[in-house]
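Two complexes follow with subunit A in common, the first pairing it with subunit B and the second with subunit C.
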Partner chain A sequence: MEMSELTQSSAPRRFLGGQLLGSSQLVLGIILAVLCIAISIAAPQFYSEANIIAILRQCALVLIVASGMTMLIITAEVDLSVGASLAFVGCIGMAVLNSTHSLALGMLAALAFAGGVGLFNGLVVTRLKVNSLIATIGTMMMLQGGVYLFTREAVQNHHRLISFTDLGAGYIGAIPLPVVIAVVIFAIAAVTLRFTTLGRYLYAVGANERAVRLSGVRSERLKLFAFVVTGLCVGVAGMILSSLMNAGQPTAGRGFELTVIAAVILGGTSLLGGRGSLFGTLLGVLVMKVIDNGIIILGWNQDLQMVVPGVVIILATYLDIIRNRANVG
Partner chain B sequence: MSLASTDTMKAGPSMLARLFARQELALLLCLILVIAFFSFTAENFFSVRNMTNVLGQASLALTAGIGCAIVFISGEVDISIGSLLATIALPLIIIMNDTNSLLLGVGGALLFGLIIGVVNGYLTAYAGINSLIVTLGTMFIMRGGVYLYTGQRAIPDDAALDSFIALSDGRLFNVVPYSAVIAIVLLVVFAYMMQHRPFGRQIYAVGGNPEVARLAGYDVRRVKFICFVISALLATVAGIILAARVGSAQHTAGLNFEFQVVAATVLGGVSLAGGIGSLTGMALGVLILQFLSNGLRGLGLPTEWQLVITGMIIIAAVAFDEAKRRRIVGG
Partner chain C sequence: MSVDFLHPGEGTAVDTGVPALEMRGIDKRFPGVVALDNVDLTLEPGKIHALMGENGAGKSTLIKIMAGVYGKDAGTIRMRGRELDIKSPRDSLKEGIKVVFQEIALISEFTVAENIFLEGYPTGKGGSIDWRKIRADSAALFNRIGFNVDPAARTGSLPVSQQQMVEIARALAHEARVVVMDEPTSSLTPNEISLLFTVIRRLAALGIAVLYVSHKLDEVFEIADTVTVLRDGRHVSTRPIGEHTNDTLIQDMIGRRIESLFPRKRGTPGSKVALSVQGLSTAKKLKDVSFEANAGEVLGFFGLMGAGRTELAKAIVGFDPITSGTISVDGRGLLPHDTHTGVRLGIGLLTEDRKSEGLMGELPVYQNASLASLGAFARMGFIDKAGERKAVQDYVDRFRIKTPSLFQQIKNLSGGNQQKVLISRWLMRGLKVIVVDEPTRGIDVGAKSEIFALIDRLAGEGLAVVMMTSEMPELLGLADRIAVMCEGRLTAIMSRDDATQEKILNAAIG
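Right, the complex of A and B next:
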């Protein structure tokens, strides 16, 4: 880890202040601020309470999965199956709720399924040594096919559990419940990454897996852990999504994996592993969703919601490269 | 698994082991097994008509797969090809509708493809941005651009030129679909380039070890740049064939196509790490998956099962390949 920091000349990530000033998060923060100011000048309703809550609610789902995905990408692996898994989890959760009328059992089934998918991905990658990009494309295909074998149409809400509806639509005080859940998961993941030995090892595995293994740590287990955590995050997000839609949709989550990965990369986490932070991911998610929201508020064509993030990902990465070059030079 | 491997090592490489050591032979054997299995189990599978149909269906992935494999071998990835399929259909169909000329339409499509390839290649090779991020970005931009331009409606091919329709319906000597002929010709040309021309060797060198390639005097950036242009142009050809087949410019054309092509390419033994693999392997990978899905359909299994089984086979194949490679390295 020390080695990678020296060679990549990245700022020490243990101190929040250093991180804010020294790295790509500063660029991202400025982008976010400029966006917010520009949009609110063009459309003053941007700062209305209803709109801010809408943005936060939009962010919640992506942030939950992105929290796990950030850990995973820091270990130099990636999971493309999260979108397909999200849809499947929603259908399974809803089906279990319909037959048991118990939110706990439904959540448990969703978490077990999504965690199982993560475990499967992790085992294929760590035991069979399959490149994670390919392994999770394979899982994605299996899940996409599997969900249609499970149900051809949306699994409707027949149980009418109020606690389930609250999962997506409820509030704690003035804050939507999904946002609270997202913040809690984000906080746990951020503390784990920054302040625990486990977190430090996750960085180390991504930066130099061989060195970690030689120092006596079982690197496979760390990667397996990151895959399972990502899976569990998908489980939570899948239940919230099916609560918001009031149905388990087999077609939900298409392209979700790309949104999540784009937000993580935008936040400065390197696909090569060993570098990145959850704080950056938070900024990445916010930037993407503020852009989405701005496009709607300004009354622009909603198809721009695909074009603009594409431009932003490339630009942000390019800015990061230029900044790194300037630092090195 | 480990026991079995030590056994074979003690006994010396068996006939089977030697056969499997050669990637393409192992793949060919798999392909023959797949065809043999479905010939016995699925009705109407083993007929000239069905075989040539499968070839026609495979022509899209074969053509785009050449580019995908070349980019992989150069050590990069291109996942924008699915969106590219939908994008280049727009100039193709619009120009043909306006001018009634296949030549101008194809020219317009190729020009678009060229621009996309130049953008992907420039951002990766010269601006130095990770190719996964670049092509993820252009994938979003192109798909969104197509949605914006078309308002999410298909643009029908009003010109209905005979020569264009022949691309999907026509058959050489009434047997082999023209689309398959195009794919095979391109495959032969590029396979020759990769194996026997200096530029092919440069691509392998750049993907295998960019630093050594640079010291050997190769222009690493230029090589990678050209690989992206080749990939985009070949995907354009695939896009033209697809547009002829569906008879319109579809905004949803090529959704998930990049994943199918990447899967088939990796199944064919082309490594994501660069420098390893061959176009023959890629072609066999594409054919295995195509015959498999055709055969499963022949057995009456729903399309969803094809997805599930394809996913399992991709994972199993790469895992098997990896185990074999480690045994060689370890031994």
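Right, the complex of A and C next:
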């Protein structure tokens, strides 16, 4: 009973704190800055144009899928099948390109497949009421096995379409095309979350689905939407990846879902739903990829590429808890 | 543990001269707030002492200090003149203070007898636990408080009322001289309440000092000898119950006078049917419920626990599925049966369970208020945030919603203010029928009258208000007509003028 009064009286202070330094973005921004400075002192080539472009290109794939995943996690659901779907999409896209020689049809097939996977996940979660963690692990296993039923080995590029190669390797001005695509998708998602009724409802569903439903909003459709958007993002990313590898690789995308989800969580989006932002996700992606890049240019053991981000996630989440505690006082 | 707990003090005259427990000048601070400021409390053996106050008045903090859950910052606690040093719940129990919290602290997987002797099982030869003795002693304890619970029953399988009895038996097993009951009736039926009162009186007759913590006036008038009122962490008054009236108690609790708890400003309801429910049944509870509610009317639904009021509320707004029957709002059927259609037709629910069905706790006040009417602020899918905030600010001003800002997370508001925001949510949307389920649950006396005034105003503005309540005064004070439910059926509908407590209770029992 006294607690309510307690929090109430300390609330304005917490709110101000939240505005000034409470956001996990600030912590993350500092981490990112420290990383960049430290790495560039140890290895000055970190700031070369080539390296920065390499980092951005690395970020692009993760950021595209993380844009959808942020929306999904804000609604308090998650999709673990994105990595498996990414590989499958590449194989299907490449196969369709080989038989039709049309980039449009290839893209369409990739989007239809990945969107279909998202729709399937969404229906299982909203209609059958299966927990999304479990449902999408199931989908992940189906896709990982299914891709081998589809092809035993990499689907090679037999069509030689230049426009397809450009998808991964092309530039607009000095900026790689995948980065441009990622920025566009990121911007659309960010604007949707921040300024539209749709975005508001996505937060609301994550914060309290029953309240949203009682208010006359069809909460299942919102979740379904977030699943499909995540799927479509995987479709785009899968095509870019197969372009970069110049083949549809059934083994691609292993662990990709963890990188994406880690970046979203690192960016301050709550797995419990209702809280998070795309700007945070962007910082999360940058931190993960700068660490990757740092390990490579410093010549460290590459296996650390998995270890270090793991440590960073635990630390960042712990910092978040400490900061919240300090704010509550 | 010795055997003599079965008859301690019996025959010894109760020494009324020396207080059983004396707390003097108790201070307690939490970061940023003074929870208790120089509070005194004296409990006499054999007397029932009520502790009253609104949420946040300091009742819980005070009894938690007694129980050893919190340490005190200043002040003294004496028992029969001896100063106590309570550092932990264990110390408190050892000194003979037993607090029965609202959240019962028993191990639900253990038997009743095991729970009673949790702190020290009597042992037989070779240190093995003497189960027969435990059972027999438990039965003897229940005998003393005049209430029988099977000592071999699994505790978790018992209703809350019986679990309370187990806690009381534990108190006797520890030779408690002070028993604290924290809001003990909040989930009991009227029958169980009267049984509990019998047991509490019996404790007092045994010479135990009972502290009865509650905010329910009628209960306190029924059972207490003395009342202490706290407000904002300060001691306001301690008086024999005979010196109090409803008004003086409320005045002490909220620090000002309420002219009337149920101000009626609306006129007589119209005759236009706003909501019509015919032959409604659900899979689990409701059986063939039919009624109509008119525009401008408050139709009150009464029923005991489990009568099906909440089930009815959720079914008629489209939230829970129905198996048969029709619902229509202004003559338009609720088809398909879902909340999306319901809200479109103009029927909405103010839920009894604010936390899990009403509030988006982490989100700011203005987003909570505009949730149902967001479409009205949308231009091509984009939210006109300035317009939205201005509209919410209007309601915050009109309903005097106390919040530091529109951006405050709603979980930090008091229950009364949260409820006002949720009512605003529906008013911003515009409804024809509003179903309110236990509208004042968890809300302070002071804020209650404001919620009643709001409900009166809703009906005055022409809404049909369907109100589910288990509080008789609320029902009689607000409703134009009264419907009574029992085990999923509608057993009576009467006008307010024909209704008496007796008639209503008879219908509620079925």
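The working rule: the second predicted complex is superposed on the first by the 307 of 329 C-alpha atoms of A that agree within 3 Å, B and C clash if a C-alpha of one lies under 4 Å from a C-alpha of the other, contacts with A are read in each partner's own complex, and residues count from 1 in each chain.
To be clear about the criterion, a residue touches a chain if its C-beta (ideal position, glycine included) is under 8 Å from a C-beta of that chain, and two chains touch if they have at least 3 such contacts.
Just so it is clear, the model here is predicted, and its values are computed rather than measured.
Contacts of A:Val260 after superposition on the shared chain: neither subunit B nor subunit C is touched.
Once chain A of one complex is fitted onto chain A of the other, the partner contacts of A:Leu214 are limited to subunit C, with no touch recorded for subunit B.
In the superposed model, A:Tyr148 makes contact with subunit B only, not with subunit C. Of the two partner chains placed by superposition, only subunit C is touched by A:Phe195; subunit B is not.
Look at A:Ile291: by the touch rule set out above, it reaches neither subunit B nor subunit C.
Contacts of A:Lys129 after superposition on the shared chain: subunit B is touched, whereas subunit C is not.
Residues 30-33, 35, 55-56, 58-61, 317, 319, 338-340, 342-344, 348-349, 351, 356-363, 367, 371-372, 374-375, 377-378, 381-383, 404-405, 407-409, 411-415, 425, 429 of subunit C are the ones that touch subunit A when the two sit in their complex. Contact residues of subunit A toward subunit C in the complex are 1-2, 4-13, 15, 195-198, 200-201, 203-204, 207-208, 210-218, 274-275, 329. On the side of subunit A, the complex with subunit B involves touching residues 124, 128-131, 133-135, 137-142, 144-146, 148-149, 258, 261-262, 265, 271-272, 301, 303-311, 313-314, 317-318, 321. Residue ranges of subunit B in contact with subunit A, taken from their complex: 123, 127-130, 132-134, 136-141, 143-145, 147-148, 152, 259, 262-263, 266, 272, 302-308, 310-312, 314-315, 318-319, 322-323, 326.
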